[in-house]
Structure formats: C-alpha cells, structure tokens
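I've put the structures underneath this note.
In what comes next, subunit A is part of two complexes: it sits with subunit B in the first one and with subunit C in the second one.
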Partner chain A sequence: MAAEKAQVVVIGGGATGTGILRDLALRGISAILVEQGDLAHGTSSRFHGLLHSGARYAVKDKEAARECLEENMILRRIAPNCVENTGGLFVQLPEDNAEYADQWLAACAESGIPTEELDPRELRRNTPVLHHRVTRAFIVPDCAVDGFRVLWSNVNSARRYGARLYTYHSLTGIQQSNGKVTGVELTNQLTGERKYIECEMIINSTGAWGGAVAALAGIELNIIKDKGTLVAYNHRLTNQVVNRLRPPGDGDIFVPHGTITIFGTTSVTVNDAACTKPGHGEVLDLIKIGQEMIPDLENYRLIRAFAGVRPLYQAGNTAGGRSVTRNFALVDHQERDGLQGFISIVGGKFTTFRLMAEKTVDLAAKRLDVTAPCRTAEESLTSPVSEQWLERGKRVFGIPGAKKAADRLGDSFQRVVEEAEKNPDQRKIFCECEVVSLAEIVHVAGDGDSFTLGDIRRKTRMGMGTCQGTFCSYRTLGALSGYSQFAGNHREYLTKFLQKRWKGIRPVLWGQQLREAQLSSAIYCSLFGMERML
Partner chain B sequence: MTQENRLALDNCIKCSICVSHCPVAKVTERFAGPKQNGPDLERFRLEEPAAVHPSIGYCSNCKNCDVACPSGVSISAMNAKAKGEYVTLHGAPLRDKILARVEQMGKASRLAPSLVNRLGRIKPLRVLGEAMMGVSSEMTMPTYAKKTFLEMFQPKKITASKDKVLYFQGCYVNYNTPEVGMALAAVLAYHDIELTVEPFNCCGLPLIANGFLDVAREYAQKNVSKLQQYIEQGYRIITTCPSCNLTLRREYQELFDLDTSQFNEQMMDAFEFLNLLDQRGELKVELQELPKRVGYHQPCHLKAAGCGIPSLETLRHIPGLEVRDLDAGCCGLSGSYGFKKEKYPISQEIGQNISRAVQELAVDQVISECGMCQLQVHHVTGAKVYHPIQLLAEAYHLA
Partner chain C sequence: MMKKNTDVLVIGAGLSGLMAAAKAVAQHKKVLLVAKGMGALGLSSGCIDLWGYQINQPDKVCTNPLAEIAKLVSHKPEHPYAKVADVLPESIDFFLQICHQNKISYLNTNRNWQLPTALGTLRPTYLVPQSMAVPDLAEVKELLVVGFQALKDFYPDVLITNLQKNTPLGAHCHLKTLMVKLANQELNANTLAHLLEKQAMLEQVISQIKPHVLPGMVVLFPPVLGEQLGHEVTEVLSEKLGCSVYEVANIPPALPGQRLQKALLHHLKTQGVEVIIGCQVTDAQITEKRCQGVVANSNGKIMEISAQTMVLATGSFLGGGLTSQSNEIKEAVFGLPVKVCPGKWSRQDFLSLAGQPFHEFGVAVNDQLQPLDDQGQVLLENVLITGANLAGCNYPIEKCGNGVALASGYKAGKLVGEAGR
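Our next item is the complex of A and B:
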C-alpha cells in the first residue's frame, strides 16, 4: 500500500483542529486533518454557541477576556455568515452580590470590553420574558456562533490551499523512530479499512480525547473531562444573549440561536470523553436555576437536551470543575517528553479557537523551518452571498428559506438556487421546522463528506427543529436512495438517526415534547412498523 | 409577542392535520400551507419579522386550520399577521386595495347601483377588468341593492320590548342583501323585540384577509368603542353574518390585542339569540308549513366560531321543511379571494365539492348564513341561495 504523505497530520476535527488545518494550509504547509466521526463530533458541537465578548471572564482572567474580545471581533469580520450579531446582556437579580457588578464593570473596562447600562424599565419593555426583579442590566458585544458552519468553513478554506480531510477515521497508531514522529495509522470507522499516512509532525487537537491520543505516542497528558449539560428551547426566548451578572456558575447563559434558544450549563467531572448523555436530573436543576432569570421557563417547550465534555487542562492538576482555567495550553512534547514532531493543544474555548490555532501553528512552523506568517485573521473565511443571488433564492425558497440556506451554504448557495430554479421539484421543503429544501439536502448529500443522515443534519439543520426529525428523516432518506451511501438498509439508517435524536429528547419528555414523541413513535413504530421489521 | 402566543406557538407538534384540512393546499401547490406559513415560520419571525413566505397570499383565511388543530394553535392569526407583514414589506396590487375596501365600494355603488350591476354583467368590460386589474371575468359579481338596509329599515319603538338588541348588519347585508336584515327585523318585531341599528364601519375582515391590518385596526377601534357604549346600556349584539361575528369576537382580540371580553358574551348569531328565546319558551312556534327540501351550506367562519349550527335548530320548528346538510366543506370563495384572477381557478376547484353535493342531494334551493358563500354556491350550482332567516320569516308569514 502506497502511503499518503503530508508534513503535518492534525488529529481532531473540532474548532481548534479545523482552525489549525486552515492556518497550516494558508502558510503553505501540507496538512491532513483526521477526525474519528463527522466534524464537530466532540465538544465543538456540544456547547452553547456563545461567541464570548470576554465579559464572562473579565473578573477572573483579564488576559482570557481580552483574547475573547479580540477573537470575537475577528470572527465577525472573517465569517459573518457563521456569527449572529445578537449582542448580549448581563443581568443582576436582588439576591446577587451588588458589589460584584461594580467589580465586573471595572474589569470589563480594564479589558477593553465595552459595556452600556440599560434602564431596567427599558429591559422589561424589550425583553419581557426576563424577571421583573432585575436590578441592573448591561449590554456587551456577545454573539451567537454556529459551530458546524465555522468548522466546515475552516475546512473548505483550507482545501482551497490543498489541505485534505478524513472524517470517520480514527487514529489507531502513531509511528515513531529515533525519537521522531514518522506517521499515523488510521482505521476507517465506516468500512474498517486501514490507512497509513507518512508525516513529520502530529498535532493533537482532540480536546477531551487528548490524553488517549498522547497515550498512543507513549506520553501521559492529563485532561480533566468536565461534562456540561445544555437544553434547547423550541423558540427564541430573547433576542440577545443573556448572562447572569455573578461569578460564572451553572445555568447562567441563554443564547438565542436562529430559531431556538440554548440554555446551560452544568459542570460535573466525568471519566469518559464520549460521555455525552444528558441527564433528566441535570435538566431539572438547570430549569430551577434559570427560573430565577426567566420565571416562566418551565412553561416553555424544550425540544432536547445535550451534553458536551469540556477538555480542561491544568498543568500540575490540582483544581477541578469551575475553578480550572478556561485558558488553553500549548504542550511542546519535544521539550516536555523528548518526542520530536508531536504537539498537543489543550484546554481553551470555542471563541478563541483561531488564536489557539495560530499559536500552535507558530510553534509547528518554527519546528518545520517555515517562516510564513499567520494569515487566518486577515483572509475571509467565507465570502458573503451577493444580494442578487439572495433575491433569486428568495423567489424559489421564500425569505426565511433563502436567508438561512445562504448562511448555511455560503459559496455553494448559488449552485443550489440554480438547481431549484431549473427544477421546481427541488424547491420542496423537506424539513419544514427549519425550512430546508430538497435542493439543499441533495447538494449536501453529494458533497463527498456526507456519509450518514446525521452528517446531512449537521450541515443543513434538517431534523433539528420542533419535530426533531419526525417528518424530515424519512423524507430525506426517500430522496437519497440513489446515493450509494444511502442505498442500504433504510431501517438501519432511520434507527441510527432517530435514536440519536431520542437521546436528547428523553431527558425532556414532558408537555408538548411528550406529545411530539408520541406522534413520532406512532409514525415509526406503528405506521412504518419499524419495531416489527427485521 | 404575548406570553399566550409564545405558548400557543410551542403547542404545535407538526402533526400537519391543519395542512390536510386546508382546502387551498388540497387543490394547489402554490400555497405552502397553514403550518409552514403559520407556526413553522413564526419561529423564524421571532428573529426576523420579514420571514414570510410569498405564498402567504394564497391563504384564503377560511380558518379550517384553527378548527382542525388538536393543539390549540392560533394558526390563522399567525397567517393573517404574516400576510400583513408581507403586504407592509412588498405592497399590494391596486386590485387588492379596492377589493378589501368593501365599505367604500358599497358607498360608491350608491351613486347608481343598478348601473354598477349592469356594468358587472357586460362581458367585454369584465374581460378588460381581468386584463387590467386582475379581477376574474368569470366570477359572478355581487348585486348591489336599490336601497341599503339602513335606508330601508324603519326603527319601530316597541314598548316593553323583551330585550335590547343591537344589530351589526355588516356590509353585505347593508349594500347587497338588505332583505336579510329586513327579515331579521320582521322576525324580531313579531316577537315584540325592538331592534336598534347603527352605521358601523366594516368589521375589517376583507382588509385583514388582504393584509391591510393597519386600516382594519382603525375600523376595529371605532367599532369597539361604539359597541362598548351599547354594552354598557345593556344591549345584546346580534349578527347575521358569521364572518363579521368571528372578526368582532375573535380577530379584534387575536390580531389587534383589543379587549373584547366585555361584549364577547353579549354578542351572538341571530339564531343563537332565537334559540335563547326558544329555551325561555318565548319563541313563537306556530309556523306555516313549508313543504320543501333545501340544502344547507355551513360557512367556514360559522364552523370556526364553534357554536354549532344554530339556524338548523330554529328551522326544525318549521313543519314540512327538510333541510339537508351539504357537508361539502369550504365553498372556496372566501370573500375577495375568489375574485382574483390567479385564485379564481383555485376557488372553483374547491367549490366542486359544493356542486357535487347539491347534485347528489338533488336540491334546487340552498340556505347559508354567509353572503359570500351564498354568492359562490349560486355561482357553482345555479341554485337559488338565501339566508336561513329569510326562510324563517317566510314561515312566520312575514316575507
């Protein structure tokens, strides 16, 4: 078997890994990204989707706060279709420490984070769902960010410079000789095929899996795995991000995200990087805390819960949970462990992924004797869809359909619109909750990176709305039977897809979502007879 | 958005029963359906008020979605607001601006009603109207009466009137079928009940259905303040038009946030009022025998009001009369909807159910409470169509 070659193999297709891939490619370093599942398989899709202004960290860590603010502004500029500029609020309740507000204000000022105090009466008028007892409220430049889109934009940008991507490939071995990394062994998760890639360097950006990957190189790297549970509400409760103005804790962030609101988070240390099962108890705890800010919270409909594992790193390892720094650390294993060509990037947060990638690739470039500077903050990640194409899109998909598709598809939007213009059948909306057309689904299915219904879901939002895939999953599958990856056993595809949806629905199974689940099980178990099929 | 609306939005479980009951979605693909335009896109509108699908213009505002919904979602209100949003953003054709202003059309027709009627029957003129204005040349135009109801009605002081009753006659009765109002007046006078009338504004439904919510809101506010005064004096308000009734009682509150709780209880369909008399033993039940068979068409807005079919209860007292329910669903006209060139074929397709039912039941007379339904049933079947109150008046020898 002829081995594939690259200077650098990046392990882990999260925000950091895709950011590193792009940075490498832009500096002309040949690179391959390897991911065990789909992009954002780990924590990059399992967070609240908040692009921090830094205000949350201002009191505890001004450096981190400054970094957040800077990266926030960069991402808005280079990837406008991934960022929803909602603005954020920090609100204080009578039971919160009043002095903390002043301390926080001073810290924000010091970190350069602009704040503006809002009259509580005005807040009540604009955001009536918030508790009328709010004593002080401030506006900060928080945003909502779409993790999937950022990651795919990173990869697409990197590909334009020759970078390669292998999803659904897990790392099964690290080859080294004479204290130097020489290659990686991969196994295709879908086919079982093995692959070998020759390389000079491995960058371990696997988040919660960081320790496991280092272990393959015989190195010990201790990552604290901190599980956070979040919930998704059926609609936008507020139009701005809402933070509680007190030291960071559980259940203090609401993020409006397109059609939904994400609310979180909890914090509990776990052993397994793949421990992403949200618990019923955690959800109830969250709601209880959240009600202090939004009194009617328990009456709003939850569509699902989900959990992610924060990969926290503390050199020395004494702290745990919330007291561990949210900062990132670059571990140069050549210096630390004497293994050449192995770098780990650990800790950190989504907002600063680009900076983490920059620092990592600075080191990698130094080791590879590359002098090209980082360009990821200057070069646009995506080019915005032109007004003219947006107008054409509106005519075939309607206003919301076209706007959302333009944000999701970016550069491919034009092709999808053309297809829908030519073929009116393709204009049909398959996912009605999130307004995803057949044209978009077909486009994504044929992009070469979509192997499962879940992959299509992540790229289109198909199945992520109110009904959680009840209607769109069988429609989508029906339309895709011509594609080789969907030509097998339909029951299996549906079961896999729906079980993942149900994993998130089970912890919130009451009220309207319970009725929804009843409808869903009636359709799949009775109407389609899936329980009886072999 | 109010707390109730938010919760109602969350109630939608996407079962799509509203889509399967939508008469428009059944016959055309041009309409994305009540669910997509309503609760689906409403989630998007919380972020972006302009998130309206252009197909919203195809909603006929029949409200069958509301009736079908098992989850209590105010689908039609969401659709009406969306249409308003769409018209605010993109404007509306002159045709819609004219068709929506039923009250002004009625007033203008007063100059020479019979001339207007004659012009409406001149085919070449209608063809021209279709080409220039987009008003279907096929659809039968409503006929304007020689005298309006308000001109014809002679208030009669009835000493010791059993009830204080105010009649919201609506534009169609006032300008087109004053005989309906006159029949009601006669029936009530026969029961020693004094009827009060008042020159109200149009209820606003045609404006709402065409997306002119701001104008409709002005009408609503004027009407509400007038009605409020009567309520304070202990009046009941009765209607013969189910659409006016529904608009006053429900739409004003749902669309314009007007407090109508005070008069909701006191406002009813004329037949609900007669049935109330019947319960009190005050309805005169010595009626002339009418040995005939008539079809009955239930207007969608009467169905949406959720009060059953009060007229059929009253008409049961008429000896010899056989009323057969057409049970054919929406007639398809939906006010100005079926007059629009691009919607006329849809409205006729929906109306096929009516002509089939009329044929099957072999009736040549049909009764229906809604003026526009009367027009469409006549248009698609050729049958003689009138309001049930006219039948009752006939049985009382009052016609």
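Our next item is the complex of A and C:
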C-alpha cells in the first residue's frame, strides 16, 4: 500500500496541535494532525476554560502576561462564538498581603493590562455571593472560553485549506534516515490497523505526552506532569471570572460558563499523563479554600469533578508545581539533538495557543523554506450563525435549544435546522439538561468524525448536565441503536455512558448529587435490573 | 398559628407512609398525613418487589421470595425485613384488599413473576398490577412491541434486541415492533396517557395496530395506558384488538406507580385520613424520649401538630428523608443518627452487584420500629421508622424497596393502632 504523504505531521490534537495545523494550512504547507483519542481528550478540555487577561501572571512574568492579553484580544475577534466576554475580578481578603495588591497593580500597568478598582460596597451589591470581607476588588478583561469549540474550529478552518485529521490514531513509530525524519507509523486505536505517513517534519505538540513521543525518536525530553483537579457547580455563581488577588495558588479561580461555574484547581505532580482521576480529598481541600471567597460554597450543588494534567517544562530543572513557568518552550531538535525535521512545543497555556502555534510554524516554515507569513490572527475562525437561521432554529428547537445548538454547532447549525424542519420527529429534545435535540445527535453521529459514544457526548454535550446522563443515556440508546459502532451492544453502551459519568460524580457525592445518584441507581438497577443484564 | 391535634401523625406520602396511615385508620385512629412532596412511589415500577434473587446465588432469580426472606432474616439480622417479617404475609393481604376496594387490581401468584422491562431485561417481582401481568414469554408465539413516535422514552427495537438475549423465548416466537404516529409534537408519558383516555385518540391507535395483530398475540406497550383510575385503557385495547395487552416497566414518568399512589391516597381520603401535601416538618418538640409535636410549614402557613405517635416515612436521599453534606449525613426531621459506612459511601463500579453502600444508610430500629442510638438504646419511644428511612437495605440490588416499604409501613400502622388501648 502506498503511504500517504504530507510535508508535516502534527502529533497531538489539543489547542496547540490544532492551532499548528491551522497555521500550517493557512501558509500552504500540507499537514496531517494525528491524535490518539478524540480532539481535546487531554488537557485542552480539562481546565478552567479561562481566557486569561494576563493579570494572573503580571507580577511573576510580564512577558507571559503581555502575551496573554494580546492573545485574549485576538481570540475574541476571530472566534466570538467560542468566547464569553464575562470580564474578570481580582478580589483581596483581609488575610491576604495588602502590599501585593499594589505590586500587582503596578505590574498590570506595566504589562498594559487595564484594571479598574471597584468599591467593595458596590461589589457586594453586584456579586453578593462573594465574602463581605473583601477589602479590594479590581476589574480585568478575563473571559470564559470553550476549549472544545476552539479546537474543532481550528480543525475545520484548517480543513478548508486541505489539512487532514486522524483521531483515534496513536503514534507508534518515527522513521528516520541519515539524521532526518522521513515518516511516522500510526496505529488505529479502534481497529488496530497500521498506517504510514511519509513526511519531512514532525511537530510534537502532545503536552503531557511530549516525553513519550520524543522517546520514540530516541530523544529525551523532560516534561513535568502536574495534575489539577476542578469541580463544576450547577449554578452561575458569579457573572464574572473571579480570581483571588494573591500569588497564584490552589482553589483561587471561579469561571462562569453559561449556567455553570468551574472552580479550581489543585497542583499535584503525577507520573502518568493519562492520570485524570479527580480525588475526593482534593475536592474537599478545594472547597475549603474556595469558601474563603464564597462562604456558602458547600451548599451549592456540584455536578462533577474532573482533572487535567498540565505539561510543565523547564530545561534542566527538576522543580515542579507552581514554581515552574507557565510559559512555553520551542525545542528545535535539529539544534539540540541533531535530528532534522523534529520540533517539540512544550509547556504554555490555552490562552496563548495561537501564539505558540505561530512561533512553532515560523520555525517549521524556515526549515521547510516556506516564506508565507502567519495569518491566524487575521482570518476569522468561525462565521457566526445568522439571525435568520437562529430564528428558524428557534421555531424547531425553542429559544434556549436553538441558542445552545447554534453555539455548539457553529457552521453546521443550518444543516441541523433544515433536517429538523423536514422531520418533525427529530425535534425532540433528548438531553433536557443541555437541550440537545435528536436532530443534533443524528447529525453528529453521521459527521464522519464521530467514532465512539464519547465523541458524540463531547460534541453535543448530551449527558453533561445536571442529571449526568440518568435520562439521556437510555434515550440516546434508543436514538443510536441503529448505529452499530455506537450502540451495537446495549449493555456496553449504557454501562460505559453511566460509568464515565460516575467517575466524575463520585468525588462530589453528597447533597443533591447523592440524591440524583440514588435516582439513577434506582432506575438502572431497581427498574431495569441492569446490573444483571446480559 | 394553626394548631392540629391527632392520634397518629404520618410524615411522608410514599408507599410506607400510605400503608401506615391506612392500617392506623383501619384501627379507628385519627390520622393526619403530611408530606413535603408526592413521595417516591410514583417513580417506582408500580409492582411490589419483595426479594429478587437467591441469597446463595445472587445471579439466580428466587421463585419464592417469602422463603428467601425467611433465610435472610437469620443471615442478616440488621436488614429491615428482620424487623417486619412477622407481618409480611398479612401486610400483603391488607394491601391486596385495599387495592381491590379501590379499583386497582393486583395479582398474586405466591411466587416471583419475571416481567419484561422497556430495556428488554427481566425483573423479578411479586405483586403485579393486572395491566403489567405479562404471561410466561416462553409460551408466547407472537409478540408485538408498540411504541409511540411522539414518546422519546420507549424504543421497541431496544426492548426486542435485549429481550432475545435476556430471556429464553419459545423457538417459534415471532417478534415484531410497531411505531404509532399520533402527533408531530413531543409527548411525555403523562400527556400521552391522558390523551389515550380519549376515545377518538384510542381509536387512532387501534386502527394503526389492528392490521398487525395475529391470533394469540401478546402486545407490549410503554406504561402509558391511561392516567386516571377507572379508565380501563388496557382492557379496551385488549378487547378491540382481540389480543392480550400489557404495559412494561420504564423510566419515570410511568403511570403504574402513579396510579397505585393515587389509589392509596384515594383510599385514605375515603377512610377519613386528612392528607396535606406540600407540608414540610421544620421542627420537633422533644422532651425526654418522646416527641410531643412538630412544627410544619404548609405552603407558607405555619402549623403546630401534636400527636400521640408519629410515623417517620420520609424516605432515603431520593425522598428527602436523609440529607447529606460532604462529611455528614442527617435524618431530616428529628436529626436521628444515621447508620453509615464511614469513608465508604460508594463503589467504583456504578453497576456493582454488591450495590452502592449509600443505599443502606438509614436509621437503626428495634422490632417495634423505634429509632436506636449506636448503643441500641431507644431514642424516641413514640416515633416509628419505616420504608427507605430504615438502615440496612440495598433495594436497587436486592429488589425489595416496595416490599420493605409495604411491610414496615403496615407494621408501624398496626403498632400505632394498638397503642393507647
């Protein structure tokens, strides 16, 4: 079989990898993105969803702060439907170092980050959920960002310029000849099939997996894997992002996303890049810290906990956790290790993914003798859904359903609305928590990029809401039972669905979520006897 | 402030509370039942499960649950059945009698049925509403499963696919499915059940199914065949189609559990029990080991209720009888100690055959259903605990939720009825 060809193979379907794919494609460089799971199955979907203003980094790293601010403004412009312009707050409590506030203010000013002091009395009126003891509060341009949507928008944009994507393919070999990369060997994670791609260059943008990928080329690359646990509340606790005004630490950021709030995080060094199990103890620690800012925190309903692994890089340093820079490093292995055609991009944070991609592709282009400039900051990532289509959507899915679907589906919204107009049967809302229609589920199931139930779940958000799949897991079995790849074995389908949800619910199993879990258990065991199902 | 005085105060309108009230009033007590919500009975299958599987072989269905419960009582004295097994047979008779009086017919064959569910699994259960009493599937030659296009909670193809895996069907059994189209809009189970009580709508259903009916056919429906009691949708369908028609258990909302709840509430009202729904007990006055009375908030009105005896039938977490925080579980009304497994509230495997430990959390009681502290001392002499409030029962795995509720509610009613004589 003739091997497929591309100039560049990008490994890793996170924010950076998809950003690189888009940048390459926009410069006319032929590229393939390879991802071992679904897009964003790693750290790019396991974070706060905070688009930093840079204020958090201003004191420690002005360069990083400035980059954050610039990228924040760019992403708002090129991807408005992925960003919710919430604005952010930094609040200080009496026990925090008062001098730090002044130091922070000066650093923000120096980095060009606009700040505005808010009278604590006004803060109490606007955001009564925060502790009345807040001494100082400042407004900064933080935003909430949907990582998953940004990634798919990157890929869809890149595809318009001929880029290709292989999800569920892991890199199992790197071929080299005379000190030059010549190709990659991939293994399909679902079928076990092997695939070879001839290429001139490999870009390793695999985050926490960076060391493992470099090792395939016989190169040592030291990545510190730092696990952070987060929780999702079933409420929009505040309308703005809330940061604690003190040196960055655990449990000091709340980010509102639609009707929920994500709160985190912790910092624990782990050995395994796939270690995404949130711990009950970590969650309790988080809440304890969070109560200093929001005293009533324990009484709000939690939906679930999750964890992501930050890839931290510091050449020649073995320190870990928060002392390591959040900045990124571009490693040119031609210079460092004498292997031509191999580049690693490590460290960094979601907010600056586009810039990281730009720097990486600048180097790649230089090596490939391509002179086209970066255009990713100018060209829009997505085109917003038109008012006319939104109106038509509202008529078939209702107002909240249409709005949510338009945000999730972006460019595909039109097609889903058309289907629902033609088939009234498909207007039924299957996931009531996230307002997902049958039409949307059917569309995603058939979009060519969905291979597992998890893919459908991530794209539609079905099962992600308050009931955590109790009702929609069974309903979607009915909807998808015609697709053997998703629901060939009904027991397996339901077990997987429920078990995935359970992993996130267990660390927050009290209050209303324990009640919900008892209902779920009553339905699947008491009513359906699923524990003994064949 | 409104004041009320009664012989017996029942708190909770689930199966155990309804049974306690029914039995107490049958013994000529003045009974007041208050409940915050409608109780979890309406969420249940509508069948009375006593005990599903053999104690020694938990993957094998037990045919005679009464005999199995007798074994359980000696194996596991902390199980709620150990406190109420003495009244189990008479509680069943009492229940059947009430059902009969209130035009809701339940069948008792003195053994476990194995009834198909909407998922195509079989669930073992003991007392079965007539509308759900599917005969032995091994004997059925023609099986038709009917769904409704407008109802997103029932899928005939899913039922049939799994039924073939989960039960031995007759060698020549033909399985068919059919989707009835009624309206373009989405209908939930209750709305659909309400519509099916209208003759014109039912005629539409019949005309779509009729051409597919064969002699001797068994037709399975989602549990939506009529909302009100006395509307015999199942019978009409059966007669007009000329075949046997049944409902199968499904996720809520489902009508059989709701109908049972309605029938029992109707019974209480005809017997003179005062029932106040939407009434939450907020405080209890306790002196020594007796509860003198409670304060309740009934839709904003504050009431002081005094009673000789009280039955706590507020359920587990789902019913709201137990509340939890990250490190603590409380009984919601009296603040009674809750028996828990510290540090082990759940298991990693959601569908574990060992069951989730949190289902077993509840109040420990003696044979008189009085609440005990961890030393085994009675905490409140005139408060009796029933149903899912009781510790030691893992109903989702054991298939005994309604059975425990039935027997413990009955026993509490019997005990309070005897009190003060």
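Some points to look at:
Quick note on the criterion: the second predicted complex is superposed on the first by the 531 of 534 C-alpha atoms of A that agree within 3 Å, B and C clash if a C-alpha of one lies under 4 Å from a C-alpha of the other, contacts with A are read in each partner's own complex, and residues count from 1 in each chain.
Criterion: a residue touches a chain if its C-beta (ideal position, glycine included) is under 8 Å from a C-beta of that chain, and two chains touch if they have at least 3 such contacts.
Values in this document were obtained by computation on a predicted structure and should not be read as measured data.
In the superposition on chain A, contact is made by A:531 with subunit C only, not with subunit B. Of the two partner chains placed by the overlay, subunit B and subunit C both lie in contact with A:429. In the superposed model, A:515 makes contact with both subunit B and subunit C. If you count the residues of subunit A touched by subunit B and by subunit C, you find the higher number for C.
When the two structures are aligned on the shared chain, A:159 is found in touch with neither subunit B nor subunit C. Looking at the shared chain after the overlay, A:277 reaches neither subunit B nor subunit C. When both complexes are overlaid on chain A, the residue A:298 reaches subunit C alone and has no touch with subunit B. When the two complexes are overlaid on their common chain A, residue A:477 makes contact with subunit C while staying clear of subunit B.
When the two complexes are overlaid on their common chain A, residue A:62 makes contact with neither subunit B nor subunit C.
Common to the subunit B and subunit C interfaces on subunit A are residues 429, 471, 515, 519. Interface residues of subunit C facing subunit A in the complex, by the touch rule stated above, are 40, 43-45, 49, 52-53, 59, 117-124, 149, 152-155, 157-158, 161-162, 165-166, 184-186, 249-252, 316-318, 320, 323-327, 345-346, 348-353, 355-356, 358-359, 395-397, 399, 401. Residues 284, 287, 298, 424-425, 427-430, 438, 471, 474-475, 477-478, 481-482, 490-491, 495, 498-499, 501-502, 506, 509-511, 514-515, 517-534 of subunit A are the ones touching subunit C in the complex. For subunit A in complex with subunit B, the touching residues are 128-129, 234-236, 239, 256, 258-260, 296, 299-301, 394-395, 398-401, 403-404, 429, 432-433, 435, 465-467, 470-471, 512, 515-516, 519.
Residues of subunit B touching subunit A in their complex: 3, 6-7, 9-16, 32, 35-36, 40-41, 43-48, 50-55, 71.
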